[in-house]
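Alright, structures below, take your time with them.
The same subunit A turns up in both complexes below, where it pairs with subunit B and then with subunit C.
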Partner chain A sequence: MKATNKIRRTIFQQGLSFISTIALALLLGFVMLWLNGSAPKDVLAAAGSSTFASPFRFANMISRMLTIVLVSLAAAIPFKAGVWNIGGDGQLAMGGFFSAMVGVYVTSLPPVLHIGLAVLAGMAGGALWAAIPAYVRLKFKANEIVTTIMMNYLAALVTGYLVNYPFRAPGSANAETSLVQESAILSQMVPLSNLSTGLYIVIATFILICFLDWKTSWGYEWRVLGSNDEFARYGGVKDNRMRFLSMLIGGALAGLAGTILVLGSYHKFILNLGGGIGFTGVLIAIIAANSPILILIVSAIFAILSNSTVGLEARLGIATEFSSILQSVIILLVITRSNIWAGITKLVKRR
Partner chain B sequence: MTYAIETHQITKVFGDTVANDRIDLQVIEGHIHAVLGENGAGKTTLMKILFGEEQPTSGKIQIRGKTVMISSPAEALRLSIGFIHQNFTLVNEFTIGQNFALGIEPRKNLFFADYDKVNQKVQKILDLLDMPLKLDVPVGSFSVEERQIVEIGKALYRGAEILILDEPTSVLTPQKIEKLLDILRKLRDEGKTIIMITHKLEEAFSIADEISVLRKGNLVATLPRASVTKDQLIRLMVGDEPLSVVEKAPHQFGAALLEVKNLCVRSGGRDLVKNVSFEVHRGEIFGLTGVGGNGQGELIEALVGMRPATEGDILFDGTSVVKWDIRKRRLNGMAYVPENRVTRGTAVSLSVLDNLVMGHHYLPDFHQGLVLKQKKMESFALDIIKQYEVVASSLEINAGSLSGGNLQKLVIGREFSMNTPFLIVAYPSQGIDIRTTKYVQSELIRRRDSGCAILLVSGDLDEIFSLSDRIGVMYSGELVAITTPESTNRFELGQYMVGSRRNGQ
Partner chain C sequence: MENLAEFLRASIRLTTPLLLAALGGAFMQVAGVPNIGMEGMMLIAALVGYIVSFTTGSWLMGLLFGVLAAVFVGLIYAFFVLRLKADIFAIGITLNIFMGGVAAYIIRQYYDQISMLHSPNAKLLPTVSLPFLAENKILNVLFNNYTILVPVSFLLVLVTFVVFYKTPFGFWLRAAGSNPLAVSASGKSITGIRFAAFIISAALCGLAGVHLSLGYLGMFALSLVAGRGFVALAIVLFGSGNPVTVLIASLIFGIADAASLRIPTEIIPPQFPLMLPYIITILAITLMSRFARSFTSTEQK
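And now, the complex of A and B:
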């Protein structure tokens, strides 16, 4: 009992320092805008309204958050096991494409089966795209940071070719597939918004990942591998197998992100489906120290931030790049937060 | 008599543990002061406080009579206190001069570091230390003992007058220890004050002017060396509880459990293990010794499956295991206490619990499919902690926060509690205190008597002699001798170890 209390306390303390650091970053953002001549009150109103003014805006934020959570986990699970998965973008694209193929060309299935099949295909596509660099790493010791990034370009080019030529929607002016069958569509949850019933899939996946992380031997072995791989090997952890597995799961999660964009938001595969969200996932995994719960919190903040840029630009003429600046500030502060808080405590003690 | 350092009622509390309890330490200027104590007695914590790495919970510190606040290692250096860590803090790719001047390089032409100036000063220090080392090669190319002395030189370069050394001899061979002690004596004669943390009685006895003994966070005595006997010190260190003596029943061979046949390990074009054959029987402790780096490490790695055997065979209970992976060998009854507990034996950034369940977590008792049985693991871990007297305030603290001896007890507890018929135990008493050593040794004997086959690897001849039923000596990858404690002696083993003699010659 005592032990669990202690864990609770440290989690609480960590969470507190984490959240207050992010609050500090947001405060700095306000100061920046204020120096730039925008009254904090207006900024808050403009930023808040882009997310909270109407149900569909809020739903859009949640939809955005779902993608971010998935790609963050896609990076975090391999990170835990000491493998760098920077290939979230490519895995997302392949996953999206695979699910679109099933969605468009498989016909006359009942919705549950069709969606299930498309989701499986999407996850398999992402996992496949992650398996290649993972295999090359294990077999030839090729640095996975390089290969996963490379696979991102490859995925962009391959899907680009596929939707420009063989699978282009007939008569379409854009590089995109046809619309998926009605039976494969994840239905809209809030009118006018991007938010689909994919929400339930993501919630279930998130719980499953937490469970894997906290309660199973996989999570345990990843944790040990990531913190001392020699110790893991010595203890009988099948190191290569576990690394490979972490990449497969990472890839499947990114693939699922692509799948939900396809089946829930666009109803077709479009070029540049993720728009570079994979790198955001990598950053968030680092900021959140691979903890699923913190990933959830940071993803929400990032989703709100990226949503507010539209409002800030429309109402106050603040460039959309401001959101990138603010994200960078958050990253810097969170990564250095232990030093910052140590410094602040020292100052307080001196006085 | 002036005191270089005086502490007044220094207390340090970590969570529920009192690491230092109202300590009044007085170190006379220009003397060598040994701080003796078992693992976890609070030696390192006290020294970290003096070096500004830890802040005391209460109490005050005086340097030459002036009360000071040592808020950081940088502050300690300003107060001319230098700390020589157990683990080296040198940048291996840098030369001595680059290491010494790191961050405080003198400048020339406004911008460039003036290493000529640095090297002049370095040369003076090396002369003082009587160490003719090359100034233009990276320190990574030096031997362990040379780097140790370079560490001392670094402290001197940075103006240290008071040197604190944490277990400085733990990585050195006996001859090199003598050399290091000579250097310390010389520095004392130059007027430096030296505090040496150690658990080696002999060293403290041979070098110190005063000896302080810490036990369970308390300073039990500070005595001048001249007026104290070894027996007295032992009693102060371990307290008044009687020590168990290692006693052995006569040797009774069972069947051979491990048979190694013509084993060869080759790597990077080098023959690391050459044609080694031996058996370990049930009920036997086979002691493997040799000067470090003569293939013992690679042999063990081949046995447990961490390194492929190039040629030859390993039979375990009659079955060849060379194709088995590490887990399969473990599941079939091999447990292994590794030589290096920090890099191999534990993951120091993970919790005590995570470290204790390693290798057990795939045993049927601890999982149901993929799901680990958390409660069972916790109670199992608490049992080990209790049985092996691991001092840890909870299962959730990082293993890295345990003292070296406690970490070793954790590793030993984890491996012993596998209850395997075969144990590989490498350097079990390295860096642990007398009482724990005795405990580990009696545990090994108990295992042997209950029919376990044990391969003990150690460089400590006393340990090898007192525990082994048979002794093997490795030299340059070969097993050059197999003998028994009754039929050999220290001198003969020494000859085997340096390669001037082989069995039957």
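And now, the complex of A and C:
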């Protein structure tokens, strides 16, 4: 009894310091904007209005959160197993493109089958793009930070070629594919918003990942690999196979994020589909890889942040790019939160 | 012949940013702390250098403040890694994303631009022209009229070599990477040596960034660095930080870069040649990693 109480207390303390550090970072953001001449009262009002003022804005925030959750898991699963996956952006783009191909060119299927097929294609596309750096990492020890980043640039160029030449929508002024068939569209859940029934797919996927993580040997083996690969190998974990698998799953999740953007929001593949969201996923994985629940919390905060800056720009003229600065500050503070709180405690005690 | 000379000239011009960054990466690599933040350091130096150049009208101020900006990022990096003992990979990647955000924010908020920044008032880096080379046409194309950081970058290979292998500082630097325990045992501060490596590395990445905006392109763009920080990391990794290997690898990548810009786009779509540097990076790091010192994200020194 005593031991579990102790563990519970540690988890509680960890969670508390995590949340309060994020709060501290947000406070810092307010101060930065205040010094820049925007009163906190106006900032709060503007930020709140862009997320909570109407149902479709809230739905847009949720839609963004779905993408962020998926790309965060895409980085976090390999991260657990000790492999960096910075390639979420490329995997998302390839996944989105594959699903668009199925959505546009496969015809006369009932919606359930068509959507199912497009989702599978999207996940396969992402997994394929992750398989290349995973293979060269495990077979040749090629540093995956470098290769996954290179794969991002390659994905942008490959899809750029594909939608500019062979698969460009006839007569379109932009580099994009034709619209997907009616039967492949994930229908809109809230009028005017980006939120689609892809929500259910993400919820199901999230539950599946939690299950894998907590209840199966895969989850255990990843954790052991990530924390101590020597020990894992002695314990009989097939380290390379598990790492490869973790990258494939990561790629598939990023591909799914692209798929949902294509089938649910844009209904076609457009260039720069994710807009660099993959890096947000990496940031979140860095601080929250240990727990899918933390990923959910941080994703919600980041989605609200990036949504809020739209309001900040419209009302107070603060560029939306401010949110990416604030996100990085949050990460840096959270990584070093134990130092920060130790420092603060020391200061308080000295007084 | 003249075409070939022109091509080699373009290669040399494109080698310089990679070479400067990779030499910077080498300083940290040999000290046992891989620099993952080169992309961000280059980007911020390119931006600050360009802005300072067109506001003050002096390329020297641009160069100076560009490098200082990168050093500032290096200071943050060093503080988090050396003082707070945070994971060097996590901080490096975060800093890259951070600097991308800062650069995007600055040009949007203060200059109302979305992805590029161009000013007619910007003073670009001067070129070095040697009159005695101008007489021969080929030699003139090959070796004359480069922006100043091009010859400097090649000179810095020599300087780095001497520092690494002929000075006490280089000795301690390499020892901090290969045998940190022995360094502590002999009373030297590992943190101090590595701190110096962070600062030198950041300064060199700063030069690389300033060269891109004020030397190579004559403007700033958010896509200016385009993965060069990671290509430089690849170069450092497979040479294990040896300046001579770094030079050779940088030249190969510079040639690939130049080739990718020269393949006529009437024959094949422009996306394909642009893939070349990235494909070569993946291939090179794959093939060379077999021979290079093992380096994975899990085995950190």
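Here is the rule we use: the second predicted complex is superposed on the first by the 336 of 351 C-alpha atoms of A that agree within 3 Å, B and C clash if a C-alpha of one lies under 4 Å from a C-alpha of the other, contacts with A are read in each partner's own complex, and residues count from 1 in each chain.
As a convention for this text, a contact is a pair of C-beta atoms (placed from the backbone, for glycine too) under 8 Å apart; a residue touches a chain by one contact, two chains touch by 3 or more.
Quick caveat, the model's predicted, so the values are computed rather than measured.
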After the alignment on subunit A, I want to confirm one thing: do subunit B and subunit C clash, or do they fit together?
clash
Touching partner for A:Arg233 - first (subunit B), second (subunit C), both, neither:
first
For A:Leu256 in the superposed arrangement: first (subunit B), second (subunit C), both or neither?
neither
Subunit A contact check, subunit B vs subunit C, more residues touched by chain C
Classify the contacts of A:Thr216 with the two partner chains as first (subunit B alone), second (subunit C alone), both, or neither.
first
Output check: A:Leu70 vs subunit B and subunit C. Expected answer is one of first, second, both, neither. What do you get?
neither
Let me test your reading of the model: by the given contact rule, A:Met150 touches which partner, first (subunit B), second (subunit C), both or neither?
second
Among 97-105, 349-357 or 421-429, indicate the stretch of subunit B whose C-alpha atoms run into subunit C.
97-105
Residue positions on subunit A within touch of subunit B in the complex are 2-3, 6-7, 10, 212, 215-218, 220-221, 223-224, 227-228, 230-238
Over in the complex, which subunit C residues touch subunit A? Could you list them?
36, 80, 84, 86-87, 89-91, 93-95, 97-98, 100-102, 104-105, 108-109, 226-227, 230-231, 233-234, 237, 269, 271-272, 274-275, 278-279, 281-282, 285-287, 289-290, 294-298
So in the complex, the part of subunit A that touches subunit C is made up of which residues?
82-84, 86, 132-133, 136, 140-147, 149-154, 157-158, 160-161, 164-165, 226, 229, 276, 279-280, 282-283, 286, 318-322, 324-325, 327-329, 331-332, 335-336, 339
Can you list the subunit B residues touching subunit A in their complex?
304, 306, 325-327, 330-331, 336, 338, 343-350, 353-354, 357-359, 361-362, 367, 370-372, 374, 378, 394-396
